[in-house]
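Can you keep this structure in mind? I'll have questions shortly.
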Amino acid sequence: MMKPSPKFHPEFAPLLAFGAHPDDIEFGCGGVIAKETHAGRTAHFVICSRGEAASFGTPKQRIAEARKSAALLGATVEFVELDGDAHLEVRAAHAIKLAGIVRRVRPGIVLAPSLGENQHPDHPRLGQLTRDACRLARYGGVRELRQAPTQAIKQLFYYAVTPEAEPANITPVLIDVSAPHILKTWISAMEAHASQATALNYIELQLTWARSRGLRAGIGHALALFPNDPLVLDSLAQASRGARRF
Amino acid sequence: MMKPSPKFHPEFAPLLAFGAHPDDIEFGCGGVIAKETHAGRTAHFVICSRGEAASFGTPKQRIAEARKSAALLGATVEFVELDGDAHLEVRAAHAIKLAGIVRRVRPGIVLAPSLGENQHPDHPRLGQLTRDACRLARYGGVRELRQAPTQAIKQLFYYAVTPEAEPANITPVLIDVSAPHILKTWISAMEAHASQATALNYIELQLTWARSRGLRAGIGHALALFPNDPLVLDSLAQASRGARRF
Amino acid sequence: MMKPSPKFHPEFAPLLAFGAHPDDIEFGCGGVIAKETHAGRTAHFVICSRGEAASFGTPKQRIAEARKSAALLGATVEFVELDGDAHLEVRAAHAIKLAGIVRRVRPGIVLAPSLGENQHPDHPRLGQLTRDACRLARYGGVRELRQAPTQAIKQLFYYAVTPEAEPANITPVLIDVSAPHILKTWISAMEAHASQATALNYIELQLTWARSRGLRAGIGHALALFPNDPLVLDSLAQASRGARRF
Amino acid sequence: MMKPSPKFHPEFAPLLAFGAHPDDIEFGCGGVIAKETHAGRTAHFVICSRGEAASFGTPKQRIAEARKSAALLGATVEFVELDGDAHLEVRAAHAIKLAGIVRRVRPGIVLAPSLGENQHPDHPRLGQLTRDACRLARYGGVRELRQAPTQAIKQLFYYAVTPEAEPANITPVLIDVSAPHILKTWISAMEAHASQATALNYIELQLTWARSRGLRAGIGHALALFPNDPLVLDSLAQASRGARRF
Amino acid sequence: MMKPSPKFHPEFAPLLAFGAHPDDIEFGCGGVIAKETHAGRTAHFVICSRGEAASFGTPKQRIAEARKSAALLGATVEFVELDGDAHLEVRAAHAIKLAGIVRRVRPGIVLAPSLGENQHPDHPRLGQLTRDACRLARYGGVRELRQAPTQAIKQLFYYAVTPEAEPANITPVLIDVSAPHILKTWISAMEAHASQATALNYIELQLTWARSRGLRAGIGHALALFPNDPLVLDSLAQASRGARRF
Amino acid sequence: MMKPSPKFHPEFAPLLAFGAHPDDIEFGCGGVIAKETHAGRTAHFVICSRGEAASFGTPKQRIAEARKSAALLGATVEFVELDGDAHLEVRAAHAIKLAGIVRRVRPGIVLAPSLGENQHPDHPRLGQLTRDACRLARYGGVRELRQAPTQAIKQLFYYAVTPEAEPANITPVLIDVSAPHILKTWISAMEAHASQATALNYIELQLTWARSRGLRAGIGHALALFPNDPLVLDSLAQASRGARRF
């Protein structure tokens, strides 16, 4: 359970990331988390199962791995019980439960798994639930949520756990995660999920894929995030670099 | 002809905007230009016809209007002869000519009309020529360009002169142009094209449309730009606001 | 509850519109309703919550506002209880309940909120339920529906409550709502939702957006509807005007 | 050469159809032409090559076939020389030449081959040229066109000569061509292209495809047209039937 | 209930096809089934309702028709009870039940109805459940499935029961079903659904549509299947023919 | 100039690959070429410039590199003069010239650069020219081509030279190039372009990208090809493996 923390920087609203399984956030966007927490932003993870349907790892191991990994990334973590691993359904009650977390944590930016249907079914369902939760968090009349003030987040980004989960209809933003200490922290966070990392080549998949994107952008490694809504910019200075090698 | 200018701020590479007709830049993205020049960035316009095929205005009037409008926006302006208004074709020689301008002006960000085909045919053709020009500007062996050093721009954005010209497959970024002095400058720049503004309700179209976008984003007025390539960000702090009212 | 009405014109099958909240129909397509009822078509509204999760307005107020607004538009109205505001789920039982209404009202044209997921979650879910209901209404063997004869509607159109809800993959039809008495009736119907209209600038959003579309089409104001299926025409005379200013 | 004709009905602006080869209009939308001319609308065909690159038929034969076929459909016909069959390029001069025809014929509705690139290369190029021509026809300052008054058409529709040429991103309208005399006229017009019809099974392709669409719409045979711009309707009565069998 | 069968060819993993109603598989892809069983592959059908909501036919008749039809196609068949015809919902428990069947049958290729939403609502829901089931079948930790070993299928293809159900975003593969004995077997299998075939012209729809595709491909009749994931090929010899008549 | 070759295997029609620059074929699909020639298929390369606009390498060097690389891949090679590097335009005369090569070489499968516009402008233009050339090759009446018999190819595939050039609207096929001798041959062929390979990390880009795809497909390395038309299959046995790890 996340405690009210003295680490909150006044200039940074916290980052709130949702994952369907104990390793989704790390594999899908761990490098971005590392970068933000290194820059002083608070990050909090909400994990919606204990990974109990996976082929490898016990729930106990997986919770321990998630705690270790979050700590490496400088994030706090909590576990939420919805329908269980491989059993997640899109229910209004779930969206309302997640909306309650949004009201409690009061994030600026929220991260969720992408909505593409051709992946583990829990991923797009949690993505949908998170998107809906971010809306419900600002509706004043939802009776289950009345004990906490409404919260309007600033941005919702999707991350893709695997390549086929990348949204085809959203132009991504690429986050440069090439700095050695960032890359190293991200790799450590993935390796902390030892029960998953040994059996399959998930880490190689993520790094190869991030390197492909980085090469395209003329940098080292890059992670892609997919904004739910167009970015609102004050100035082109915020958007002065594109992923083009020419 | 743009002269080497003492106004160049070292921290800002200049902005280079291409327009097919004397009023395209102002109608399509004049508010963004105003914002950037107010922030100290140098802007240069390249206009590729004298608007001689339009129903209203003589070439002489239209050049004068364009000069007045660019001055109001704080931009320099030059005219380039390609095939003439309503006669533009996609030719390698044109792309190379524009690439020469890119090498001379050495911009960070380039603006061009969008590629959607269902608009004045000169617009998407100039968009294509600009995109190609930005690439050719960095190829060292193009013989016509050898007198100037290669130039790799950082970003290419498209602007839409009319609503049907908005690209359907690119997530836009929205630029907040709500500040009164910005909005006023933009309107003045559009009004400077008196030969066009009186006959049709182009200015109302642009303002209504910008207000629609602004309302969606929870601000006053917003202009949309469409990046040719994904944005590369150092941090989520650059992307901390989305066009969502929830 | 709608009563069998002597007002039914033989040449016009009634129009049936579904809304998730008391104001959705008016904000999304009220001008079209006004135009059709002025032309003598019967219209009936089915509202699927009392708006109890909104930040403003009590259920009692909102029901009163919906009744007043429907009366201004010349439509009858009924309220249906599904899962409640902000709690709607896609359930077969809901679709069957709505199919029962389709069989009772026997409409030619049905209107429903659009399916785009990036909006209030109740909207696309009601859109899906309506689409399914229109199909189920014609299957003779659905046991819950056997007491009423099957009904095959002629057309299903989607309306968008907000701009981001516009379907990207359907070419809209634009309905001209520029006539002063139509526009005035539509505005009155939106203003009747006083609890919503005062707090936010929804009315300005709708009018700005309708004016943008109208300017594009060379008329005053226009509302967009998105057909679920291609239009079947007897002659091009039915399609003799396009939204083009050239 | 089309002569000013006493047959012009005041209530119907003429229909103008462009074809790249002598048989394209008949195969792509002959049934629609038959329906419109039977209803009293004037139709004029502009054919932009003599079909000289085809495997079968001499130019002389093909011109004769086109004249016979147009007569069967009740349309006048003219031949325009652009670059020749299989040699068509997108040139501004061609668009201006076609714009001159638009100004002369003064159509309400224009028909052109679809823009999909995966078909005979002359088809999408003529589609592009026609779209551009319809725009240029209304620009007052195009010097080559000054001898004729500007003309703003009402609608541009694309027809698909083969199934793979159907635009994926436009919702079609379906025209019911089931009436026996319409279907018979269309088939006769296709058969008039004897040099093409005997060698390949083009007629079966068109009829099978039209029957597929008709079955989907619950009617006999249907042809699809793809509007370049959204339809502007005065009332839903113009759009009261959809291609749905439920 | 399918029994372990001595007919299993060692070189062919069985084909497993899911249908929401007793006739979906036959109408959507019966010709493909015929071709595969004639080539010696084992096929098994899983039918997820008794068709009890249809306008024609009793459940008893429809089960008999399905058994007769499957026998004609050389397939075994079983019936699974989910929520009933016209009542299907996307539930995790259903996906797990179907995953159990995947583990039991151990197919290489799985066929399911397509995901397009604009069709009978049971179809896309069964498509989603099947896709998820194929994933869940390989997750070792799903407790309801532990009694059977995990199974990783090789391919999931979607079939479209009606034309509007064809996925727009997947390039299909076309299966040549022109051989007279294949076509005859397919037609017989459709005719075996006598309660459906007499009332409507479904068989003509399927054959017309297959002939359209066949003409496009330069063959007789062709059925389209839509792969869930890109095909992995050892050599271009496996892909040496395209649906092009040029 | 390719000579009629005794190496032609009767069971394999030759493979014909077009490249805009001396290294495009090798970087975009060299591994596929290696696999096909190892399997006994004849391959012929047509290179449409000498790479004279690139930043590195002289035309003479680049031609030598291309010859060496083609030899390593077991392919013959010829150079065709169109408009020159960075100067290519879409002209009917070019398409006809390439159609003449198609008639001479008589390939079954043709490879060309992809049509995505956001890449080196010569690439999509050559892709368009090749697609058109494959069509023109079968039209009997094209006068410039009459000296050679018509040729109907079986398949046209596109390759992507860089990741942003991948077509978004075509489902690719993945070719397994994991076998050590294939991978080694491909790398050697890329390294043969020494003038390009040393300056930039193109080889790492291709290998990282191919490894990403391979990991997704559960194999080593994979190259993607994008079919211009749906594959026509005799049996599902030709499509029995999908790029899915589940």
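Each chain gets a letter, A, B, C, D, E and F, in the order it is written, and its residues are counted from 1.
We take it that contacts are C-beta pairs under 8 Å (C-beta built on N, C-alpha and C of every residue); 3 or more make two chains touch, one makes a residue touch a chain.
What you see is a predicted model, and the numbers here were worked out from it, not measured in a lab.
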Message: Taking touch as defined above, what minimum step count separates chain A and chain E?
response: 1
Query: Can you name the chains that touch chain A as well as chain C?
result: B, E
- prompt: Between A-C, A-E or B-C, which shows the same interface as D-E, counting it as a repeat when over half of the contact pairs match?
  reply: B-C
Statement: Comparing B-C with B-F, the busier interface by C-beta pairs is B-F
Query: Distance-wise, how many Å sit between the C-alpha centres of chain E and chain F, to the nearest whole number?
result: 36
- line: Averaging C-alpha coordinates per chain, one finds the centres of chain A and chain F separated by a number of Å equal to 39
Statement: Each of the following residues of chain F touches two or more other chains, namely 135, 138, 164, 168-169, 228-229
Field: Inter-chain touch pairs (all)
entry: A-B, A-C, A-E, A-F, B-C, B-D, B-F, C-D, C-E, D-E, D-F, E-F
- prompt: For the complex, which residues does chain E have touching chain D?
  reply: 162-164, 168, 201, 204-205, 208-209, 211-212, 215-216
Field: Partner chain C, residues of chain D touching it in the complex
entry: 12-13, 15, 32, 35-36, 39, 41, 108-109, 134-135, 137-138, 152-157, 169-176, 217, 219, 222, 224-225, 227-246
Task: Provide the residue numbers of chain F that touch chain D in the complex, in ascending order.
output: 90-93, 95-96, 115, 128, 131-132, 135-136, 138-143, 150, 169, 228-229
- prompt: Which chain B residues qualify as touching chain D in the complex?
  reply: 51-56, 83, 85-89, 117-118, 120-121, 164, 168
